Amino acid sequence: MSEVVEKILANYAHETPGVIGNLRRMMNTGALAGTGKFVILPVDQGFEHGPARSFAPNPEGYDPAYHPQLATKAGCNAYAAPLGFIESIAHQYAGTLPLILKVNNSDSLGGPAQPESALTSAVDDALRLGCSAIGYTIYPGSENRNGMLQDLREMIADARAVGLPTVVWSYPRGGGLSKDGETAIDVVAYAAHIACQLGAHIVKVKPPSAHVEQKEAKKPYEKVKLDTLADRIRHVVQSSFNGKRIVIFSGGPAKGTEEVLEELRQIKAGGGSGTIMGRNSFQRKPEEGVAILKAAIDIFKA
Amino acid sequence: MSEVVEKILANYAHETPGVIGNLRRMMNTGALAGTGKFVILPVDQGFEHGPARSFAPNPEGYDPAYHPQLATKAGCNAYAAPLGFIESIAHQYAGTLPLILKVNNSDSLGGPAQPESALTSAVDDALRLGCSAIGYTIYPGSENRNGMLQDLREMIADARAVGLPTVVWSYPRGGGLSKDGETAIDVVAYAAHIACQLGAHIVKVKPPSAHVEQKEAKKPYEKVKLDTLADRIRHVVQSSFNGKRIVIFSGGPAKGTEEVLEELRQIKAGGGSGTIMGRNSFQRKPEEGVAILKAAIDIFKA
Amino acid sequence: MSEVVEKILANYAHETPGVIGNLRRMMNTGALAGTGKFVILPVDQGFEHGPARSFAPNPEGYDPAYHPQLATKAGCNAYAAPLGFIESIAHQYAGTLPLILKVNNSDSLGGPAQPESALTSAVDDALRLGCSAIGYTIYPGSENRNGMLQDLREMIADARAVGLPTVVWSYPRGGGLSKDGETAIDVVAYAAHIACQLGAHIVKVKPPSAHVEQKEAKKPYEKVKLDTLADRIRHVVQSSFNGKRIVIFSGGPAKGTEEVLEELRQIKAGGGSGTIMGRNSFQRKPEEGVAILKAAIDIFKA
Amino acid sequence: MSEVVEKILANYAHETPGVIGNLRRMMNTGALAGTGKFVILPVDQGFEHGPARSFAPNPEGYDPAYHPQLATKAGCNAYAAPLGFIESIAHQYAGTLPLILKVNNSDSLGGPAQPESALTSAVDDALRLGCSAIGYTIYPGSENRNGMLQDLREMIADARAVGLPTVVWSYPRGGGLSKDGETAIDVVAYAAHIACQLGAHIVKVKPPSAHVEQKEAKKPYEKVKLDTLADRIRHVVQSSFNGKRIVIFSGGPAKGTEEVLEELRQIKAGGGSGTIMGRNSFQRKPEEGVAILKAAIDIFKA
Amino acid sequence: MSEVVEKILANYAHETPGVIGNLRRMMNTGALAGTGKFVILPVDQGFEHGPARSFAPNPEGYDPAYHPQLATKAGCNAYAAPLGFIESIAHQYAGTLPLILKVNNSDSLGGPAQPESALTSAVDDALRLGCSAIGYTIYPGSENRNGMLQDLREMIADARAVGLPTVVWSYPRGGGLSKDGETAIDVVAYAAHIACQLGAHIVKVKPPSAHVEQKEAKKPYEKVKLDTLADRIRHVVQSSFNGKRIVIFSGGPAKGTEEVLEELRQIKAGGGSGTIMGRNSFQRKPEEGVAILKAAIDIFKA
């Protein structure tokens, strides 16, 4: 039994053994087992951006069997994907690789005027497919906020009732937010805080910039250290119940290996719990995909 | 057994023992036990305004453990917060400090075109977390009125069925109301009356100004004494079923200590049942936060 | 057993004994017991117009205890009010004074763009509070018609299932109706007819003017006698299933005593089943309030 | 047992004995018993157009008792009306005259921007009132199509489950349809076809004109014979599953007797299953109303 | 037992025996039994385009009995149609010809501003009518996306629970898509991928053109071979979980026989699982309709 892991789980003392158990399972899986850190492989880009934009760079990715194999080889804590991809491999991986069912999704062909993902699967699906958690995206800032938050409220309650934790992707978007504002430090910290208040067990946000978007926030941020990414990560972690909730960061669009790894070192330094790395791994050739995930794991293991 | 408390509870003769019991519990807790008065600590500003705007002035407030400790030290009747904050501390405080789960919330990043908070937790959550009441915000004046009132109708019914009273934050906003109109005496009294008609057990409104917003209300208000804040509080209390419902007042944005305390003296003089004081306490340094809450308690105890 | 009452009840032969029983209870209560006529005291103006506009003229009315006492002293058949007012007094009056729970309400602070009251209580509330009926307002003419009618459909079914009759306030409003059109004879008769078709047990409309609003209705109304208010009441009663449904009329804004009583005489002469008189009674001094209600009762008793 | 009736019922081989039984009951009732033809009396005009526009021409019609008596005297197969009218007479006619409960209705005072009737009663009402079928109006062409069709889907399923067939009034309206288009041959045939595809047991449409509304339909209609009303009725019947569904036609606004009867002869000649005749019967003096219904029956009996 | 069929079914290892069984039934029916290929007859054009536009070219098609006979004579795997058509013939064909109930439909008379089909039948209907699958249309690109996807999510879950697979018609439409974009290779591949991610068992799309609609997709498509229809079909199949989901293609509007057959040869060459051919078969004279379906079957059998 890992002391580090049990200390993290103590912050979830209000939860049922089922939820605790699945959080423990994810933290005791893969190359980071026992460290309390996370490197998760997410593959929802086929749904979000289309198959060719996602998988043409490495056509093996068209096959749903490719990704859990990649996650396993690299030693990830978990694999997250929409219903179809999970259905396609669950019978082979349930009980081995923790699966996170992404229960809502957007696509790039069109959708509601204000940002809101569609519910595409449910807690029942996560159960029948042997998953260890569900994942849900909210877009703080959207005029459709209330529907999203209420759906999430029900999802978390349904999931808890059957022992599943919920990972919340909290991506500010829409409303009066500028494009830069979506990754502004005040907005990202706010988005992480909202997710925690809604009962998320694991929060996923983007690495924040030093930009402060909201006028009313400029003054309070004069007191907050924002110089390095590590500083900003630290503020996001503080905003997430003073570090009492697991916060992981995504890497965004594919970029150079060193750039990716430097970002991860800053996340580590700022106290982030880990990363969820998709396009930067599965869009590379198979061996390179494994390599960069292993490098990420090494950073968080250190 | 406090005669004052039992006399107040006699106004809730239609209620179940469970609801009565939790009202009694809140009135028999803390430094104001037995007086029938309330000083409640609410901490939903992280959700409503963002974490840095709320907690940068006193960074201890980022930690959910800070607030119930503050409430306990000061001798508050209860602590009110959104789901995440309550989840984080309920296992330590349930059974000691009465907890009020704020079941709907807004944020400052965006949301529906017309004011309406999102449902973020439910009566089931209040039960599993050992809470003594739920809290719900309505925005009279909003075009989304019907949805809000109908949700509240169901919340109160659900809460009653399991013995939980409901605290209604009644904040006029939207529609044709001017900014000044939101705290106009006619509007605040009206907002309190609506909350009582909807079945609220405790009503929370803002201290009213002497401004009369609605044209049709100008004439009747010629007969109502509005000179001092105490006069206006008295009218709000009268509008709340002639004082048969508990009405408490919020303090609004942080301000000078004396200003805060003078406002509380007027609330007391006008027959208000107490205050719900957030930013004016948790944004001060820990010892100062305790001090101002204790000063408030002293005023109502007098 | 009153033959008059039983003859009226024969028009409700399709109803369950529970519903029949509560209609019988209202017709066998108060000074009009056994006459089949109604004088009902409604007090929803606090909700609809605000507390000061409603109760400043007679401040005793701020107290929910005032109104059922007024109704009892005067000898009314029933007392109708929103949830909060009924909750406040039900434990004292249930079983004595028939209570009508007004299950939907509007306020004057704002609301949906097209007229539609909010659901503020439910049949379950009427049951637990010992009420004898529920009351529901529809606004024929509103673009939100379908939602209102469907809610009413469910309300009536729920109420019937537990033996409660439904009183429908049918107030044309919105859409293409002119202000004068809201009380036009064709529109009021139409509103009464719709309420009957929807299954209302008691219909409440405003006294109609001789104005004909709808172009297509001008020709048929050439054949209808509209000279006196009594004539017009007669047409409304005829439009209510040829007098087979109970139709009562409201008095509208406060006015002079003689004016009020003359209107009631015309309602009586035209075959109306009675009146529902609020502001004209509770806004007067206590003894005057009782007096005008008694005068109304005398007219219908005659 | 009528061979003609049983042959028609063979087209409903997928249905439960309850539904078949009620279709058989309607076809074995009245002067047309055993012929497989229908003359139905519908009285929803009070709701749809208002009481005076409907009943001033023959004031006996204000009384709900008048209409089932008219239907019985004339020998109609069934009587169709909204909830209130049916409730008023069901205890006297259930088991004798087949009753069709019209479960949705519109009025002429106002309503949603796009055509859609309000749900005003339910299958449960039809059951408790001893009805033999329910009736539902759709407006193909309306932007609110999806809600209407989904409500109908549920209505038919609910009705089937308790042995009740569904009569669908299919009246194209709204969207891009011209006024003439509402009775165009392509549009009426399309409306009948849609109703059949939705599972209607009996379809009611208006007699079609020779106008072709939709551009894309002009070419296919060059091959369809449209000269006489009988030709056009034949095409509508063909479009209704090649005559395997019962299709009846309404007569529209009151007109001269000979005009009405000639229309019915054409309907008969074209293979229509009958007529549903309201204003042309109940707006005439009682004896004349009986006479024209009997004349209609004679045409279909021939 | 066909090895080819069992190999395809191995890709559905997550499914219940009931769903697997019905997929197996369709693949073991008709002239293509055991090949894993599909030629399905769909007849929803009466609903989608109107009866005359659909059946005037071959008036035998007005009769619902015609189509399953055509499908049987030709040796199709299954027959797909809306509720009414299936109800009309299910008692004769259930257990022989696999029936696919099309549970949502659009018409050409009007409907919601943004593309969305109406729910017209349900899984319960499919069961009582002895169907082997349900069919559902989504319009990726529509602003009404979320409602559609959520309805589909529930449909698939309901259908799975009773052992029925779901065929998804995935037709991009609305939003910012150009008319050409609806059949663009990037858009069609994306639409197929979305359907797979949503849990579709069989996906139906249109044959794609070489046009690339989305700006962001232009670059990735430089690496994809798009020269022949077979190339493009191959990419769509690859985008459908690397060929692990059954993808069939529709033929669109009626055209010349050789043109149709050449298209089918390309679909075959590209690895498509078959075709769903409606207007190109039932709008021809009976013997010609059988002939072209048999020719299609021969192509896929080869």
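As written, the chain order gives the labels A, B, C, D and E, with residue 1 at the start of each chain.
Here is the rule we go by: contacts are C-beta pairs under 8 Å (C-beta built on N, C-alpha and C of every residue); 3 or more make two chains touch, one makes a residue touch a chain.
Predicted model only: the values in this text are computed from it and were never measured.
Student: Give me the step distance from chain A to chain E, shortest route via touching chains only.
Tutor: The distance in steps between these two chains is 1.
Student: What is the set of chains touching both chain B and chain C?
Tutor: Per touch definition, common to chain B and chain C: zero chains.
Student: As a multiple of 5 degrees, what angle does the CA superposition of chain A onto its copy chain D give?
Tutor: Copies differ by a rotation of 145 degrees.
Student: Can you check how far apart chain C and chain D are, centre to centre, with Cα atoms defining each centre and the answer in Å?
Tutor: Going by mean C-alpha positions, chain C sits 36 Å from chain D.
Student: What's the distance between the Cα centroids of chain C and chain E, rounded to whole Å?
Tutor: Taking the average C-alpha coordinate of chain C and of chain E, the gap between them is 58 Å.
Student: What are the residues of chain C that contact at least two other chains?
Tutor: none
Student: Quick one: label the inter-chain contact graph as line, ring, star, complete or other.
Tutor: Its topology is that of a ring.
Student: Residue numbers of chain A touching chain B in their complex, please.
Tutor: Where chain A meets chain B, its residues are 11, 13-14, 140-146, 149-150, 153, 157, 172, 174-177, 186-187, 189-191, 193-194, 196-200, 214, 216-217, 220-221, 223-224, 235, 238-239, 241-242, 244-245.
Student: Which of the residues in chain C end up touching chain B in this complex?
Tutor: The touching residues are 46-47, 49-53, 56-57, 59, 62-65, 82-85, 87-88, 90-91, 105, 107-113, 116-122, 124-125, 129.
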